[in-house]
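Here's the structure, in structure tokens; my notes come after.
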Amino acid sequence: MGGFFGTIQKKRCVEELFYGIDYQSHLGTKRGGMATYSKETGGFKRSIHNLESTYFRTKFEDELPKFFGEQGIGVISDTDAQPLLMNSHLGRFAIVTVARINNAEEIAHKLLAENMVLSEFSSGRINPTELIGLLIIKGKDFVSGIENVYKNVQGSCSMLILTEDGIIAARDFWGRTPIVVGQRKDTDGNIEAMAVTSETTAFPNLGFEISHFIGPGEIVRLTADGMQQLRKPENQMQVCSFLWIYYGFPTSIYEGKNVEEMRYQTGFAMGEEDDTEIDCVGGIPDSGIGMAVGYAAGHHVPFQRAISKYTPTWPRSFMPTSQETRNLVAKMKLIPNESMLKGKRCLFCDDSIVRGTQLRENTKILKELGAKEVHMRIACPPLIWGCPFINFSASKNVLELITRRVIEDFESGRTKATQLSDVSGGTKGDNVCEMEISDERLHQYAQTGSPEYEAMVAEIAKRLNLDSLRFTKIEDIIEAIGLPKCKICTHCFDGSSSHTINNF
Amino acid sequence: MGGFFGTIQKKRCVEELFYGIDYQSHLGTKRGGMATYSKETGGFKRSIHNLESTYFRTKFEDELPKFFGEQGIGVISDTDAQPLLMNSHLGRFAIVTVARINNAEEIAHKLLAENMVLSEFSSGRINPTELIGLLIIKGKDFVSGIENVYKNVQGSCSMLILTEDGIIAARDFWGRTPIVVGQRKDTDGNIEAMAVTSETTAFPNLGFEISHFIGPGEIVRLTADGMQQLRKPENQMQVCSFLWIYYGFPTSIYEGKNVEEMRYQTGFAMGEEDDTEIDCVGGIPDSGIGMAVGYAAGHHVPFQRAISKYTPTWPRSFMPTSQETRNLVAKMKLIPNESMLKGKRCLFCDDSIVRGTQLRENTKILKELGAKEVHMRIACPPLIWGCPFINFSASKNVLELITRRVIEDFESGRTKATQLSDVSGGTKGDNVCEMEISDERLHQYAQTGSPEYEAMVAEIAKRLNLDSLRFTKIEDIIEAIGLPKCKICTHCFDGSSSHTINNF
Amino acid sequence: MGGFFGTIQKKRCVEELFYGIDYQSHLGTKRGGMATYSKETGGFKRSIHNLESTYFRTKFEDELPKFFGEQGIGVISDTDAQPLLMNSHLGRFAIVTVARINNAEEIAHKLLAENMVLSEFSSGRINPTELIGLLIIKGKDFVSGIENVYKNVQGSCSMLILTEDGIIAARDFWGRTPIVVGQRKDTDGNIEAMAVTSETTAFPNLGFEISHFIGPGEIVRLTADGMQQLRKPENQMQVCSFLWIYYGFPTSIYEGKNVEEMRYQTGFAMGEEDDTEIDCVGGIPDSGIGMAVGYAAGHHVPFQRAISKYTPTWPRSFMPTSQETRNLVAKMKLIPNESMLKGKRCLFCDDSIVRGTQLRENTKILKELGAKEVHMRIACPPLIWGCPFINFSASKNVLELITRRVIEDFESGRTKATQLSDVSGGTKGDNVCEMEISDERLHQYAQTGSPEYEAMVAEIAKRLNLDSLRFTKIEDIIEAIGLPKCKICTHCFDGSSSHTINNF
Amino acid sequence: MGGFFGTIQKKRCVEELFYGIDYQSHLGTKRGGMATYSKETGGFKRSIHNLESTYFRTKFEDELPKFFGEQGIGVISDTDAQPLLMNSHLGRFAIVTVARINNAEEIAHKLLAENMVLSEFSSGRINPTELIGLLIIKGKDFVSGIENVYKNVQGSCSMLILTEDGIIAARDFWGRTPIVVGQRKDTDGNIEAMAVTSETTAFPNLGFEISHFIGPGEIVRLTADGMQQLRKPENQMQVCSFLWIYYGFPTSIYEGKNVEEMRYQTGFAMGEEDDTEIDCVGGIPDSGIGMAVGYAAGHHVPFQRAISKYTPTWPRSFMPTSQETRNLVAKMKLIPNESMLKGKRCLFCDDSIVRGTQLRENTKILKELGAKEVHMRIACPPLIWGCPFINFSASKNVLELITRRVIEDFESGRTKATQLSDVSGGTKGDNVCEMEISDERLHQYAQTGSPEYEAMVAEIAKRLNLDSLRFTKIEDIIEAIGLPKCKICTHCFDGSSSHTINNF
């Protein structure tokens, strides 16, 4: 996905900017960048580093003395190199985005025909941030330029723009990705600094308190004195539910709802109504722990850490792109605790099941180490639809989803819903589906409690060798988040947001 | 402290060695090194890197292709550069140690007088591993050489020696630091690889199972086929209790007892008998969490993560040497979760209290964010004596301990035990004690439940602005570890191991 | 100045491209870059490194395996980051330039008003190559785009463009900077590779022979089979005479005339007519040596190396930007040879005198080491006018020229032409002139043999403590180059090219 | 070979030490190191870097601020890592050597048997400097320790020792490698700094003047005030003649004789008596130029640079160890100047002929580029014996010498002395000799003017396709150096120093 941070202050902002960006590190793994502007010298300073084999802090710490200025923005990007610098009729600016553009080729084609230039293509692909910058420049001012982005981009796009007159923040038209504004007051109660962030986790240690959750399509400008609204928010919203389930750091807050609390409540609700007899509950680090803690409380069994993540050297939550390395990292970073497993009926919570490969491997190891039973509880419903809105890395290919493979095996008759099957039995070698399933039929599988749903869940449990498996219901997620259903995107569970693919 | 790992196999061992060493990363922050030997080429290969601003994996990953061989050792060191290579009448060998030598100057002086040479002094200090190597070479064989180390070193010393005929592992004469042997069998049930480690956390993901806990003073030799005892273990033992309380990764096992289990039991025991009314329990990451989880279960209140560690970029548990940076890291790495604190009576578990500075700061922030009450439970008794045995970094200067400062204030009359006082009130500006307190008097303060103990604890709670404070009793630690009291070193709590300072 | 190289072949071109660019290293010190294109994969690959403290080879050698393709271009740049990549209605291309744009601000302003974007401004200044790329894109095809550059740019601009259909080379409209085309034939006599370069020094070791000197304003396209002319050359020319005097590597050829030969002839001519009695002749490394060798032959005295450059670690001819470091480098890289100086009447040749500071310092050292006399012969006339055409680094500020300071001192009456004076005596502290001198008066000083010229040269010799000083006459330079006077730019000596500042 | 530098001053010496070491860069390519000592803090600081792919300056420049102290030593080593630090009964010291030890295994064996330790063997070989340090420590003081080195080492050894009481310099017992002492006086005429160096090239730019050429076996101690003799020099000497011919930088002086002067005289002498008709003379850079300049003067033909070395990026004179890379570097670094070759009868001077491969290749290229004739003059006699005294890299394997291959072909009858043959014709494929030739017979080939000598030279000329070839006579070298024949080692030309292999 990626995350960004910006701040504008009355004094040098570089070090705070650096820490603020660093706190987005769990959202991206590819590129890190920061740009600052000094009103005094009139100069911009920008730096970008590859983060695929190192950390933002390691790369940028030594460069900080070279930065200057009272305002800056930065990003941990999961895709392209950012921030970009642009000099245009709107003046000079730097821009960072959290975006996905499905129709990039089409937009690029249109822009080139209008004599515009794309300079960022050495990675072999179009840089989405550059496209967004060019769309903005086509406007007569920043607001009309950003509306140009809203109108043309299929996918999603939130952005920060560092101008010579403050920082402009513009949230995705449907509010799929979040932006939160914070302020810090001096001892006299006057605002001394403003900040804007993807993750509010960046605020407490820098002394900021949340002052505004930017709405869908809303555009604001930050100065060192406060915030000014440039465009009103839309009424509708489709904020991504996976922010709470998977992406967010436990201490972050979106739309007023804290991530850890949401996870705890989801777990608590399931724990309360679940009647499985178990000895202990654990979470798959990191994102499964919040739910597990809640589940333990709701189910009145002890939370225990039967699996630990070796954080001293495997700190990052996200994984490298090569599948082979992903598998190795997945194996090496989690360490099972034999002493707490032996002879126990263990229940684990995890955020989601994508391909299921790793979970099946984990279950096997847990049983080999002596676990009597292994039960799994998942923080969301089964993933059935791909995400066309944000770069949800886990579901790159919808046809690799374990749900889809099970459904195909059912529909093709390769697997009878009632028959026993091992995980590879019913599936073809390459683990990628090929059969076309009607959307109507998929909805039947997605319907909690339907015969298709029950057969699918049972089959997944069998294939993963689990003693039991349950998924959280959409309703429980909605309730835990606390927004109306219509404002939350649950597309990957129920395919409900297809109509929003064309903005505006 | 530091940790080491070695393995000898029938095939190339480099990659497994690398991961095995990496899993010691929580034990040291200064130097990382590895050495391998190839029987075929007869060559040793060694590399050492500074880890003060980067990670073992980052530094060594690119070098792996240059390494070769079927046997190797490595270390994450908290002090000196290791492994050292030595060519001697015992043949060529590489050596790593987990050691502290109190009488290094004296030993060095003796060795120089015998025409021996010390070559590692560019850091301005004697390299303990070099001293140990020279003491070994003075023996007619490795066993008599290692006994030479046992006889001469005041402090402690465990070591691995990579020879041309296998890996020799020798545990400290009093067993203060651990060494555990693991084996891996092929599908026919034959041993295909042996490993030896400070932390058994290194075993499960590399496929090793524990085959032997090396005893105090015991010496063994590993070959690819198994283990051979070169010297029987001593009967006495003084294994460090802080291994379980503070140093160990949750999944590690010493003397048959798992770290997380020990912490859980300690917490459970205290939770059960504690009658404080609270809303939730949390742990100060990382080492306080195991206890908190147990306390929650014993006390029947939910475990909740009201403080999170930002592991994506602050992965390491240990801290940099500059106090200023330590303070910054301490502040930035822990993120309070306002949503889970507001209006709550919170209880937190932590491993120990050293100077108390950071804890006082944390308490202040938690209350500012809305916590109604802040209670603290500590996984061990008050630290009153310094550790002369291992390099326990937390208590570099015994006179900086908050206990000592409180005791001095009591004894000098600066603080009346019954009077209210703030943390700095009774203490002199430099926060370092100057008064000589008799050992007898210190023992009175160390005695759980004595009037002096109660006054001291109450005074610490006051100074740290805590609503309540309790320390774990020595007896509960002993019980949780499960060894006889006489085999566990609890010197920093009760000064009981002074008589063992001279080995043999 | 900067230099570029490109090649297009029937097989992988990466390694040859790398060496070809490396051979431009004496022309620039700031940035090095290369870009390649593979017809097969359709991909561009680009990399740019800062060369201010390291070498092109060091930076790029490890990256070569990541490059691919059969055609590529690269540059050693003395100014901005290159090559730039651009995707436009002309297709995708990479571009490198050897350029100086005096009216960059004005062009940028015009482009921004037309909704174009400048993205390269993090260095705080406009990137000339980006401007040139945008001017090209405004054309309907490459040729009309490049003519757009010719029309708009005040200064000079030669360029290489790597397109999907071959490499386009376009020489500066006035031919101020050179481009030479080379070809390589296979054993059957068929062309197997084409190359294009600033310096023909890149050709012999890569097996290319010169096939065409691109003319002023000429545009050609190279394919692997040969060269196609896209625009005819202009008749007029103003090729920079400093290419032979100072910039070029001895083995390079421009307009058919070899650098070393030109220097030798210049020296020979002066040596022949000079009647100074001396014992030996030496050159100030590197660019003074060619002239010295010729002078020795013409004057019938031995050439001797009484000063050596310590090339093992001071390889580069050009200097760092900080004046302090320039001075240190200037001091450390040249080593006087006391044994060859003592008691001798030495004559040295150097390329030019700019500020004179370093030469004065050298003379002082030579005399201290025992040289009986120190005579100096300069490879060009006195520098009196600044260069508005190429980035001639030596004369950044025309008012720092020693000629100008002497002229000002004469004209202001501070120095009498006949009076003795030391170098700082007549000049004000900051060594920068402030007085306006009429162009007519400057021409009188520039006129070889005029009373003003003689007085100026005598005064410079006095200030530098030289026993005699002579400058080469313009006519001798013209003759040595072998082109008509009207085709050679000698502006810095005689101010003769002012009328060409506006192109086309 | 390697070179070292040391200095002791009344103020911080670090920067001067750094430049002084840097000026040894032409003597080695493998490791660079420096060590300093501060009397005030009592601390040693040491650093060593690999120089195989970078330069001393690049590696050490950034580290300088971490160094401290008023005295220091350093080295550019062609073999092992240096300086070594040793703490012993002689106190702490750092040591650097320019040494070759033929009997290293034997010495190591003896030392290990005496319970001494060798710690530097990770490179797979014994570190000669460590052996030397251990031999010194076996002495009761430094002088007797160094005599221990003189007695035991077969080969050669000069050294600098940085002690807590000044710098000790000890020259090889036979004086094969040089050490020169320099002093610098303040404006009052008092000594303010002393320095000691392999190459006096390091002196002029640091302000030192030569005060003493250390004699064979002589030992001195430097303090900031001056020099004190600890051991008198021997009368005999065997200083290496290749110092002047090949190793030395032109500005260096050994035994009072300047390198460039010696080369010039050698060339002049040959030029005077040579009657070959030629058009110009050039030198093969770098070491052939001095001779060429002299030859031109003696022969009354112009010196011209028909071949240039591309110093901007190929600065180092010595070559990498891989033969393939050596060949590539050899090809790429020298650039022929076609314009100066075409139709000319060219004569080139070079330092020596080893295997002849490169020279044959160069001749071929020169002729292809149009040279009418190519004559070669060599600065020394034919190399016939290997060097057992210093690490003369060029003759690693005596049987690869072109002389030996020609001699073998003659002696075996494969080549008739009178018959025409091409270079590979008479020789077996692997270009390594296999036949045993008696020493007596070799002496006949070595004898200038003997029939065997003439046949051998003629055959080499044929194989290298040269129009003529002449070698300098031993007598001319002796005369140019200016020492008695008995004091100069000319072993590789006449096998005359075999009796000195056992020292003392």
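Which chain is which? They are A, B, C and D, in the order written, and residues in each are numbered from 1.
We take it that a residue touches a chain if its C-beta (ideal position, glycine included) is under 8 Å from a C-beta of that chain, and two chains touch if they have at least 3 such contacts.
All figures in this text were calculated on a predicted structure; none of them were measured in a lab.
Asks: Could you tell me which chains make contact with chain A and chain C both?
Replies: none
Asks: Could you state the distance in Å from the CA-based centre of chain B to that of chain C?
Replies: Measuring from centre to centre gives 63 Å for this pair.
Asks: When the centre of a chain is set as the mean of its C-alpha atoms, what distance in Å lies between chain C and chain D?
Replies: Roughly 37 Å separates the two chain centres.
Asks: Among the residues of chain A, which ones contact at least 2 other chains?
Replies: Counting only residues that touch two or more other chains, chain A contributes none.
Asks: Draw the chains as points, connect those that touch, then say whether the picture is a line, ring, star, complete or other.
Replies: ring
Asks: Just spell out which pairs of chains touch, all of them.
Replies: Pairwise, the chains that meet the contact rule are A-B, A-C, B-D, C-D.
Asks: Could you list, by residue number, the parts of chain B that touch chain D in their complex?
Replies: 35, 43-46, 84-89, 92, 108, 112-122, 124, 130, 133-134, 137-138
Asks: Can you check the complex and tell me which residues of chain B touch chain A?
Replies: Touch residues, chain B against chain A: 19, 22-23, 25-26, 53-58, 61, 201, 204-205, 249-251, 253, 258, 260-261, 264, 286, 289-290, 293-294, 296-297, 302-305, 308-317, 331-332, 335-340, 365, 369.
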